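Got a structure for you, questions after.
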């Protein structure tokens, strides 16, 4: 299948996933309504971004330099991806934070901290993707990774600590969700590293396919699971 | 009057309207202070945007294509409008949501949902306005309309339901404000449809005049009314 | 030292400052955690912006016009600065607002108002910096100053009033922090006025040095002080 074929397919999956979550998600308590809304809107934002990439409006062609040669050719830079992530990753983290502190009062500092670390991660990763000079590109990559460690820190230290005051089943759900999210998200930098935005050792289409699998996992599959577990701890 | 004459006039109206709301709005309770601040700042943001459009900084010239001919001429794309709306429409909706849930505890999910649906509506409508290829332009228009239905859903279902637990006079005020807002906002897509950003069947100046009437109604007139009714339910 | 030498130096100071605040800041209460996170992330965002300016990615060359001659030469426009400020100034003001209303319930209207006034100030100041036509440039400057007065109003009237209900030591701390912040921030428009973004009566490097002193004072020095005083009122 062509690159744009994959992008159209993902547009459809995201749209159906998002509407599916919005229509089947329960809204019995305020916490449940928030979870349904967050996880439902995340794939819809992604559908808009995939639509823009499929039609070419969300991508530009940039020169591709390596350390060895000033210009070796060109690459397609799908900038819409980063705009999508700038909105959806904070929403996913807010949802996780509300799961961690299900019944207790919310630690504003932890939520503000994880969202800001995440925004720094995505904004700097946009510069990674947009940079043409290799040395600058890789420094941005590094900075983005450091911010990513900050996100992990809040998940596994600050929120974990707040989560210890919750009921046992809430703790189980939080640890499982945090683990799944951490593993899926960890694959993103590895894929981007070898993609055309990075070293360009895999083809454009291959990178698109890898990332769409991650995106569907991180948004639709994780979304449905998160909603289901939230229903369980609300019952 | 020339296009820029109308834009200057609206700059002045918005400025006076915003300062008027800020100076006359009451601040006796926390809810009242929030309403005054929200409705006061909305026209001030619009004044900045109208100033940018009047001076030409908030507009660019784009080619105008139709399905029949690749380029039929050009149009002026006032992009500043969409930046204004990206900030002001969420503020107006937050104000409405706080009116709905005047005394009761706030349903975070409904507020997050209406703001996100609105942001999707405005961001996709920016792509509608900026697109040059007709087929893409109209798909964005459609997506934006679907998000708009999401906004209506929260106003008339989720917030309505939360509003049922309020006092009778708060319910009356909410229903009236929701109705006025819904009607005014519904005219926007109809005007944009025929404006130069859409089918270009009305002139540039005519579109400016239609939209400025809507903008003054949605921001200044609605703002003063909303403040007045809020004062009444606070008394 | 060259302009880029100063920018690299500031990148390092901001990075060390931010990490220093994050590592030494206390997190015993929710209020303290929020303060530490806010003041720690502010210099880290600034470090990213200074890095972008040092490498040239955060700057463009614009023609420089005066009223007398259409083009007198060029200037370097460091746009990254304004992006940094758009994120960091609201965070600093939120931190100040939380100090004002340390124990009491938060006045949402005041917080929303100060953040919106600040965002209007920074967005319009970006147009001031980016404008090439002198008359427009100076109108944007004026608009930005008016928004700045709005920020002062909330600090010295709305928050002050809310602060009167706090303990005596909280009042002392708030008044001191509000005073320091007000004085440092007041110097920004004076420096920008004479910088290449304004009248261009001081050199590019001189403007960089003046602004970096202000930035280090407003973010790192003020941050450490604010954290220390917050620790005191928490004890």
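Annotations for the structure displayed:
So that you can tell them apart, the chains are marked A, B and C in the order they are listed, and the count of residues begins at 1 in each.
What we mean here is this: a residue touches a chain if its C-beta (ideal position, glycine included) is under 8 Å from a C-beta of that chain, and two chains touch if they have at least 3 such contacts.
Here the structure is a predicted model, which is why all the values come from computation and not from measurement.
At the interface between subunit A and subunit C, under half of the residue numbers appear on both sides, which makes the contact a different-residue one.
Taking only C-alpha atoms, you rotate subunit A by 120 degrees to land it on subunit B; that is to the nearest 5. Work out the mean CA point of subunit A and of subunit C, and you get 30 Å between them. Of all residues in subunit C, none touches two or more other chains. Listing the residues of subunit B that touch subunit C in their complex gives 27, 30, 32-38, 41, 44-45, 48, 51-52, 55, 57, 87, 91. Interface residues of subunit B facing subunit A in the complex, by the touch rule stated above, are 105, 107-110, 112-113, 116-117, 119-120, 123-124, 127, 131, 136, 139, 143, 158.
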